[in-house]
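The following pair of complexes shares a single chain, chain A, combined with chain B in the former and chain C in the latter.
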Partner chain A sequence: MAKAEILSIPQRNLWEKIKTFINAELIHILAAILFLLLAIFLLYPILAVLIKSIKSPDGLTLSYYAKFFVKGYYFQSLLNTLMLGFINTVVCLTVGFCMAYLTTRGPLSLRKPLKFIAMMPLIAPPYLFAISLIILFGRNGILTMALGLKWSIYGFSGVVIAQTLAFIPLAYLMIENTLMSLNPNLEESAYDLGASETRIIRTITIPLLAPGILKAGLLVFVMTIAEFGNAAILGGRTPFLAPDTYQMIIGEADFEMGSVLSVILIIPCIIIFFLHSYLLTGKKFTTIGGKPVASEPRKMTPLVKIPFLIISCLAGLVILISFGVVFISSFTRLLGVKNEIVFSHILNFDSNRAIYNSIQVSLIAAFIGAIIGTLLAYVIVRGKFFGRTFIEMVSLSGFALPGTVIGIGYLLAFNTPPIKLTGGIMILALNCVFRFLAVGVEAGISKLHQINIEIEEASADLGANFMTTFYKIVLPIMFPAFIAGFIYTFMTAIVSLSAVVFLVSPGFELAAVKIFDAAAYGEIGIASATTMKLVVIVIFCMVILNYITKKTGFDVSQKKRSVTV
Partner chain B sequence: MSSNQSIPMLMLNDIHKFYDRLEVLKGISLDVTKGELVTFVGPSGCGKTTLLRVIGGFTPFDSGEVILDGQRIDHLPPNLRDTRICFQNYALFPHMTVAENISYGLKIKKWKKNKIQERVEELLRLVKLEGLGGRMIDKLSGGQQQRVAVARALSLEPKVLLLDEPLSNLDANLRLTMRGEIRKLQERLKITTIFVTHDQFEAMSISDRIVVMKEGVIQQIGSPIEIYERPENEFIASFVGYVNFLDGVVERVDLRPDMATVSTPVGEINFVPERNFNVGDKVKLVIRPETINMSRSEPANGDNILQGEVEIGMYVGSLAKYTVQVKGERMIIDQTNPRETGIFKENEKIYLTIPKNIHVLRKN
Partner chain C sequence: MRGKLGLAMFIAILSVAFMMNHAQAQNVRAYMGLSPENNVKVVNFVKEKTGISILQTFQSFGEIEAKVKSEAPNFNADMITGCGSPLAFMAKKNGWSVAYDSPEWKGMTSEFIDKEKFWFNISNFSFVLVGNRDKLKEKGYAMPKSWKELLDPKWKDQIVMPSPFSSGTANMIRFSFLALYGEEQGWKFIEALDKNIHHYTRSGNAPTDLVGRGEFLLGITSDENVKDRLDKGFPLLWAVPEEGIGYDGTFAMILKGTKVMDVCKKVIDVFGTPEFSNMMAKMGYVTPRPAPNALYGDKTPKYIKLDLGYAAEMRPKWNDVWKEKFRTEFK
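On to the complex of A and B.
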């Protein structure tokens, strides 16, 4: 008996050792697996684009880039894109500031409705505005006909208007956030010292908000230049980088030039991504404690109030009209031309089929995305290994990268073995997972920061191993973040167009792509109806999110502010 | 000159303020003389900040008048009022230097550059921050920030200075120093000041007059001595320092010598009435802990001698605090200079002497 015992000990020791090792190293193993996934599904596709743009049959070459700069058309496209980004940013920030100022400083009765309108575009895919502008100002547009306009919405100005409307909420939310976090006593002190409202805005409000406004501006800029739908639908003969890339790949099958355009488009995005994270860590004005004071409605001087109101109301009106006409157009044979009520658009088989497909893809994406996001958040917050911040950066970068680029990347990367995914449904889902990973990761990180690490340590002290701790302590607390990540990924995935437009296979159309095609072929009714269906789905998701926020007290919408984006 | 003195610098007439249904100020009236420092004390939420904001013009109110130096200013926005407020969090402009903060108002009034510079230096000297004009705000300590806030508020020589808990963000020692400095500065500049605080001792030590507030109603206005020694009701008495209350009924009233006797649970107590009492009046005696005397042996002569037993003794250095049981009533007693009187032990039987000039409230 004694002998048997002696024999069995080393064996058990080995098993114990393996178990201990796994327990101790689980977080690192997890990190390694997650990093591998990020590398395959995010870094590799981007790399594939980069390589494609410099590889010729006889080695490396810069000739494609030379072509870009020599051929006036391409260069014009870059200039247009940057110009669009610049104008759009300025307009969005101006409108966003006016609206945010009114909803935080203006008359109480105005605050809620104005905020509601400012946020409305969030429930719509950005290209809703392209469609509404076509209905209003297109060749057969209501206003074009009614007023006999010579001006065509197809071109630079049309894209600017649509993009501005689409990105007002982004600018608004970020500026409102900074305005609300500004200690109202600062402005009041200036007021007290004799400053007029215009002077307060000029010398106190704007200087103190500058970092926030700059951040908002950078984001609007990146989002605008990367946005595909509006520019593709309304661009007409005006070249922009994102739609041109699509034209290169899908129209002309010129993968090399498509890749070059993508790389050119990435450069400003990456610069701004770093600038943005630098600003985030940059200096922040803090004041010493004291109770926060509710900002009481101040009597605004007409000098400020009237111009702010005019700008806000104008923007608000256009937003409302846009939703209105797209809604009406879903039930009209051809709004402005044949004004009769029909249900054929709403009941259209292809449209509903596309919606069904989109839901399917988005559900898969949301599920995988929420899991990976939660795990990534855990590894990023709790891991203590070298390269943690790198993992965080990579996982957040999906949002900063233009969808078209990721789309092309997937097309190039997963078209051939070892990982052949093209033509399937998984490539659509995975592409959404890794593009929108930031949402789940950020929600998870913020939730984890709320959990005291001591709870976990206490659990570990009590003898629970890593798995048990994670399962019993971390997961339940992380659950709201998981759900938030799930719904956000779903919401974003279902309306996203720019990447999937490269990846859909004939016979499996997605709603966003259907809208894009319908708009291009002038089937405005179907485009409108399909858009409205997406709007309804997004509203439904928001209601659920709202419910979760109320139920768990976890303010997901707060998170959204820093992430939407 | 004398007429100038008699017109109050600031008059509040029956000010009412509602937040929705909640009445936060319930008819506040007060005259503040030129050069006076008046302190508002009261528990959290009683409306002190709201009142300051009303005077400063930040908060619209429902009825009443604010009169500054003889003129109604209700309708004026803050930037046209000659009042200056210092918020509790100082609200210094974080993107400006100390000098830029202080000169903010001067620039608005279009002062000449060299005049501004002179004035800023004068103010920096005044608040003892010479040479720090070029610093950014976040490079200052809490006490220094507080001085900048005061300097900025004084820059345009306002008629009334409003300070909302200016010292509450400082640590205890600094608070004492700054308290003294603010008072000295205020007396030197003869600037009419309204000072809001939570801290009764701060109020006692700094004010010409104290206004005690509770739930939007002024409870009493008076000098620190009046408020402490002759509080008009139980709330004021217990808000300012600790008090032993004894309920009783007036038994006897003598006119010569002026003396009254109350029967209380601890026995009969004689006191010199401050006003007319009648036999049978229900009263409450307000006995401050430091006015009671303790001794081991029975004092030779005198009234109001009670016997008790020490329950808890606490030696705090400058004084010893005792809880003493007297016929089932628990009384708190402070013995100043405990080294001289000796330390009493727990369960020790002792004698108490209650002074005859105690304050007595009539119960309704």
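On to the complex of A and C.
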């Protein structure tokens, strides 16, 4: 026995050494792995697009860019895109703010229903509104015929309306989140001191909200110019960059020009991203406001209440009608033209496989995304190594990268060996993971900022190794961030179209793509029915997730309390 | 903590279960460019006759062409079960397709099977003029009898047709007009027609639905869905204008590198059977084996004289001309 012990000593020493090394360096090892992942799945595809846009058979060239700026068509497309993004951002932020203000400061009876309506578009593909607008305002639309309208939905205005409706919830959600975490005391004391409500909003609420509004603006802008479903269905002959890029890659295999358009699409997004990061430095104090505080409903002055109510109700009404129309249309032969009730759309099961694939992809993406996001947040906050801010920037850049660009990047980067992923399901999931990573990372960072590193140090001092500390202390604290990342990735992945549309392959089609195809093709009934099925499934999944989070969420808050005590 | 662990386990198990669910035998991945509902009919037919499941995504001919071009030689599909002549000829030339001497295709004319057996034309389709009966009546317009009539300014913004980049139908429309009028006059006709076109749709069948729904008065569209939409009660009128119509095949072929060669061969075999021709003819396609056509009836419509090989060769150049003409203007 003694002999055996002696024999095993050197081995155990080595093992101990490895263990100590891992223990001490784990955060660096982790950082290296995560960086490698980011480099492969986020930077490399973007680089591939950039290279494609300047590479010709005989060396580097700018001729494709020259073509872009020489042809009025492309330039017009750029102008339209920027205009669309700008108008949409302003409108979405305004409506989002009004709704968020009402649901956090307004009359209690209004809060729940308004919030519900404002969030509704989140669970449907953004181009649901293109479908409903065609049914209502198309040339043979219900309202067009009933009111004898002359206005044409096919063109710039139609796209703006559809995109606005689609991205109001995004603006609402971000602004509401910040509003909730704002301490209402400041507003209330100003109110008690006799300041008018308009003045409070102007001088207190909005300045404090600035970071949230900025972020919401960035997200809405990027999503608006990249999600091309509405523009492709309603654009008519009005060119926009994202659907043009789609047409070039999918229809013509013109990867050079498609890449040029992508790079040009990225530029405004990157500018706003940096602007946003720059403006936010030093303003972080407002975003971490601790626990959300529901404020007492105050009497709102009519001067504020009435316009806010009008704007919110109008937007809410249009959203409700849009969903209603799509719902009815999924049971009607041809809504507005041949109003017979049929079940053939709903009972058309061709899209079942696509829906199944969508759920599968979204679950895988959400799971991987939440893990990577949480780990990244940990490495960014707790790590002390060179390049930490770079990792942070890269992992948050998902906010600013248009989906079309990432989609094309993946197509270019992973279509040939050594890393051939196209034609499978993992490319769809990975694409979603890295596109929507930012939310999980950010949630994780803000959670980690809330706890003092001393707790982890104490644990280490008491002899716990890194893994134990991570498992027993860090993980429980970060669990809400994990859930936030999971839910966000799941919900966005299941309805988003702009990137995955380039990556679907036979046997791996997705519901969002299927609906887009049906709508673009003119099959309004099928498109509506599939949308409805998807909406029901997303709601179902959300209810389950919510249930599980609630059950475990209690556990989390318990733990946190014991940790802080 | 236990709850969280449980949740994590639950999610992990769910994800893994989903990932495992993909091993199935007798599947073949195909690019298939008929109209979506006709795709499904073909898929169901093949499933019923052979037990083989064709996994397919809906794409227009032009999109399949772009996809195959960009994927070559690492295709993400085993075969093509519906693409236009340009890709069929290109695939043979570039060695992307595999020759197969199918017993079921013996004795068919060279219009439907390649001499060296690299492609199989499962059926011809055409483009026709469609109009909305009710809307035309409302406006007091008669259904045009010739293509020339479409140039009348009264149709401004009232006509839809597909885009030749994504749609094989539109490519066919273009090469047919160029063949009908000669290249120079043909382009002039297309340019004049463009003034009346509201917009170009992605799919060749979209105009049938858009006109059927009354969104537009007239459409130049693929004939694939016309029969089906008439049966469904859409207020559609359709016509073969007096100058005639063009045609293109719907080509099937096996792609190089497939791991399920035998399955692909079985699918090609099924396409050669009289039953398959019968089914396609019922939808309005002109089939390799003679069968009563549900759309055109007994009499053959007047066809424009075409050279598909030449048209396929000219496609890239004509695409560039199209871009030059229609992608420059400031609006």
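Note that in this section the second predicted complex is superposed on the first by the 401 of 565 C-alpha atoms of A that agree within 3 Å, B and C clash if a C-alpha of one lies under 4 Å from a C-alpha of the other, contacts with A are read in each partner's own complex, and residues count from 1 in each chain.
Quick note on the criterion: a residue touches a chain if its C-beta (ideal position, glycine included) is under 8 Å from a C-beta of that chain, and two chains touch if they have at least 3 such contacts.
Just so you know, these numbers come straight off a predicted model, no measurement behind them.
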| item | value |
| --- | --- |
| Which superposed partner A:Lys67 touches (first chain B, second chain C, both, neither) | neither |
| Chain B versus chain C, judged by how many residues of chain A each one touches | C |
| Touched partner set for A:Lys550, first chain B, second chain C, both or neither | neither |
| Which of chain B and chain C A:Leu208 touches, first, second, both or neither | first |
| Contacts of A:Asp192 with chain B and chain C, given as first, second, both or neither | first |
| Partner chain in contact with A:Glu252 - chain B first, chain C second, else both or neither | second |
| Chain B versus chain C as contact partner of A:Ser505, first or second or both or neither | second |
| Which superposed partner A:Asn183 touches (first chain B, second chain C, both, neither) | first |
| Contact residues of chain A, present in both the chain B and the chain C interface | none |
| Chain C partner contacts - residues on chain A that touch it in the complex | 71-76, 134, 138-140, 154, 232, 235-238, 247, 249-253, 255, 333-334, 336-338, 350, 359-360, 363-364, 367, 411, 415-417, 420, 422-423, 425, 475-476, 479, 486, 504-507, 509, 513-514, 517-518, 520-524, 548, 551-552, 555-556, 559 |
| Residue numbers on chain B that touch chain A, as the complex places them | 56, 58-59, 77-80, 83-85, 87-95, 104-105, 108-109, 138, 142, 145, 152, 155-156, 168-169 |
| Partner chain B, residues of chain A touching it in the complex | 183, 185-186, 188-196, 199, 203-204, 207-208, 285-291, 293, 296, 298-299 |
| Residues of chain C defined as touching chain A within the complex | 1-4, 6-7, 10-12, 14-15, 18-19, 21-22, 27, 29-31, 36, 40, 55-58, 60, 62-63, 65-67, 69-71, 74, 76-77, 135, 163, 165-166, 198-203, 205-206, 208-210, 212-216, 232-235, 319, 327-331 |
